[in-house]
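Just below is one structure, and these are the notes that go with it.
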């Protein structure tokens, strides 16, 4: 039977924490930037001109139907031939933003479409411009409607980010891999980093619930 | 603990090897495991008088494969280190590589101190990684990729200035981009062993006997010639 | 506001004493002919009630006036601005008409006060303080000044509809359009909203109101319009309309809803 | 040693797609059954069952699939329960898909207007008939689009089964890449195959979504 | 059906000539006291109309009768079965009461006929043919036999509500409960639904009906109940109730809704 020996993992725990910290930073930055991309694209997709809609659709379809691993690979190794050289963390961030942006666009578009037509009409009748209606009337309720989907997509993004180790970004999964191949204590390492991912997703869920309470405190009609 | 007896009675030996680590382990044109490790594994099975079943493994899962009884032993280009020897038992060396730092021809590096401020790519937690980390000054930036192919790709696409690789991979870079890169430093030599689960002393003895015999008979050198184009290096032959 | 009117004075014609003038208006939804040759003139200060069976085009008619729906044929002039000419006039008209919907359509994420100040600030460019002063005035007028800080979901239907009226009034419209403002309300709340509308009518506001509240029509309407299948079937003073409806269809309808 | 990326290599990669498809099919079948149970447990009246299913969802949505596969396969084996990779993959992917589908379908069940449940209760229909004839058929219509959407993510997610020895599409790509050193050809091919597998599903999801929203607009 | 009644005859007491008997019924939603000490006896064949302001507990009262809401205190006996005893009685009662909701709640994925036959087949175990014969009878009675094959979304509101009534009748209920059956309808459709209900009343069905249609109340009600804040404030024959309401609150309310 297998003897668990967590000593080497404990000894290098700071390394794992450092990795987790990068995972957190990367995912948070990717979410914020990805959210902006999503909102802009969702606006473009629901009310932009036809060419913009076509481009946004192509973007969404390509990203959603190919693996993240391949996307990040092309960004890191492919973009230099176009003259854009990014650091591993930079490339990881860009890849995560591009990925989250595609999913986020679809989610937020659904939110926008769930807004009752009457809201837009009321804004129109008051003389607000299309952009003003989007900004002041549609956006907040739309985000509230899809907030649960957005947050679970974010957790998924954080878990997916473990792939960035392929381009040598030093996230939690990378730290785990380093540690396990230095010590060969694979089970111990995997168990610990699984728990760390779980802790992070539970932590994020709690933070999102708090943000929900703060940002969307207006009551819903019953 | 695994014994020779139980392997013989099963009639097959399950050997784990990497298939993405040329030329030690590859998948050939007909999508079968092949390479130096594969040939050694077949030879070992013949010696034991059993069938061989090659199980493809990857860097992260090769040790779990061994520990969870999915394979009897690993012929998976495992570099022998003290740290690792705490988890598995290594045989006498059956192969070896020498590690060097590679870079574009116009990059000036002649001694480890010159690595200062440079970015160096390596395969994560490989022998190369250990070797480069040991000599590189504090301000050298080491980027760890999942495998050698990615590290090489990073060099080719300019994402890193230098990479730490084995002489074997260096030959392949030369094929891919003739004349653009050359070796800057020779760092260390690393011997590789066949691994068995801890406590399988009797099996280990049999493996060691096999290795000694294969070295003696020149079979190992022949395989080495076939895959690496050179005889078994002295540091392997002479290692204790 | 005065500059705006001056700017657009180019298309002020003989119709300038009319609040709304529709000439040969036709509207199709794809194949469906929703408005058929509508001719209607509304004087300044006049109060019009529109009724008719479901699907007869009442909402469509009223929504064409502030261009929530675009017409395919005919001409609409509102307060001297020709809507059919398009362009800037549409923006002007939307600012000069206030609209109240059946389902209130308050913005759920804004307080009552914010609902009322948004458009004056963003469209008219008023300062926050100024917009709030006006808003509080109108909330007073619809008798819910104490609800200013609440969110729509915290109000009863009747209160919500009064906020919707106040919100429209905050833009200082010349014409108010109502689309069944009481039909989504519980019976006891109908009266409070109708009372507010009666107040407004008594102050001389030009009003077009789709409603089935015949008591209200009798009390405040200058003219009552009956629509059916996209046409104006009958139009007359409440006395004529209720006392002596000319058309069979009108009589049927009045028989059913009372 | 290094060989060019040719027709043969292309075919090898294409053939690996069968494992991707097989793994996806298993995951989806297992997840379908598990997800339904989880969804029903999430909306049932029994509090412990609700909490247990919630915990299940939290854990399996909150940890990487890679780790789940690893721990199921190697963990079972070091505990002396020899299981083969197919069973391990089936277990881990089922757990993973059940958590996600359970959550998706719970949302769909909740989206059926409460009046439907009340009306059927008032008619005297009991739990099974209510679910079977009233709630689930309506939830299913809403569910098609997000379910197919998740299937696409699942197909891509099966690449992680490489950790327990499956040479599916992505892994085969990595192996070929290490033999040919032509990453753009190799991963371009891999991406194209995923796209061919996933895109029709995405289109289907979209069509179902449009159809549904048209049906409910009226 | 007969066996069912026989089975449960254990709890048939003196109350057996009553259709519904509520004694000291109290209901809380968490902290909120929704029903306060309700006492009400309804005779077989009696027609009761319940009115009162929004939030006064009318729906809650009616929904307690078929246990869509569970009460915390008091006793409810329906058709001789004590609901508070729980268990099988709840199922029996749900089969013996038919309920019609404000928002129809037809099953959108089934045709009109399927809506009407589902419960008789699944609950009463009738054969498909038998259930369909009965269903067509009742569809005839609510005057829409020709709509049997359509889906609810293809019908007007008034037609949908009549299907809902037919669906409830197909279970052969002894008591019909109506919760504002006409308030989601366009004005012209109200009459067709009320007519259906009047027919039903004339046939002697026991009915409890929440409605604000005072014309209907006058015409068919044996007694009218006024509720406010969870209490039954006033109860009387239509003549007493409308002609001479005893309570201030009732008077206020009647003043508002008429």
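As written, the chain order gives the labels A, B, C, D and E, with residue 1 at the start of each chain.
Going forward, a residue touches a chain if its C-beta (ideal position, glycine included) is under 8 Å from a C-beta of that chain, and two chains touch if they have at least 3 such contacts.
Since the model is a prediction, treat every value here as computed from it, not as a measurement.
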Touching chain D and chain E alike are none
Using the touch definition up top, find the fewest steps from chain B to chain D.
1
If I average the CA coordinates per chain, which chain comes out farthest from chain A?
E
Centre-to-centre on C-alpha atoms, which chain is most distant from chain C?
B
In whole angstrom, the CA-centroid distance of chain A from chain B equals 37
When the C-alpha atoms of chain A and chain C are each averaged to a single point, how far apart are the two points in Å?
45
So the centre of each chain is just the mean of its C-alpha atoms; given that, what is the distance between chain A and chain E in Å?
51
Report the inter-chain centroid distance for chain C and chain E in whole angstrom, where each centroid is the mean of the CA atoms.
38
Multi-chain touching residues of chain B, meaning two or more other chains, are 60-61, 64, 67-68, 150, 153
Could you pull out the residues of chain E that touch at least 2 other chains?
none
Within chain A, the set of residues that touch 2 or more other chains is 2, 77-78, 186-187
With touch defined as at the top, which chains are paired up in contact here?
A-B, A-C, A-D, B-D, C-E, D-E
Within the complex, which stretch of chain E touches chain D?
66, 68, 91, 94-95, 97-99, 101, 103, 105-109, 118-119, 122-123, 153, 164, 167-168, 171
Chain E contacts chain C in the complex at 53-54, 156, 183, 186-191, 212, 253, 256-257
Which bits of chain A are touching chain D when the two form their complex?
1-2, 61-62, 64-70, 73-74, 77-78, 113, 152, 155-156, 159, 162, 173, 186-187, 190-191, 193-194, 197-198, 201-202, 205
Going by the contact rule set out above, which residues of chain A touch chain C in the complex?
116, 118-119, 121-122, 124-128, 132, 136-137, 140-141, 144, 216, 218-222
Under the touch definition given earlier, write down the residues of chain D that touch chain E in their complex.
113, 115-116, 118-126, 129, 133-134, 137-138, 141, 215, 218
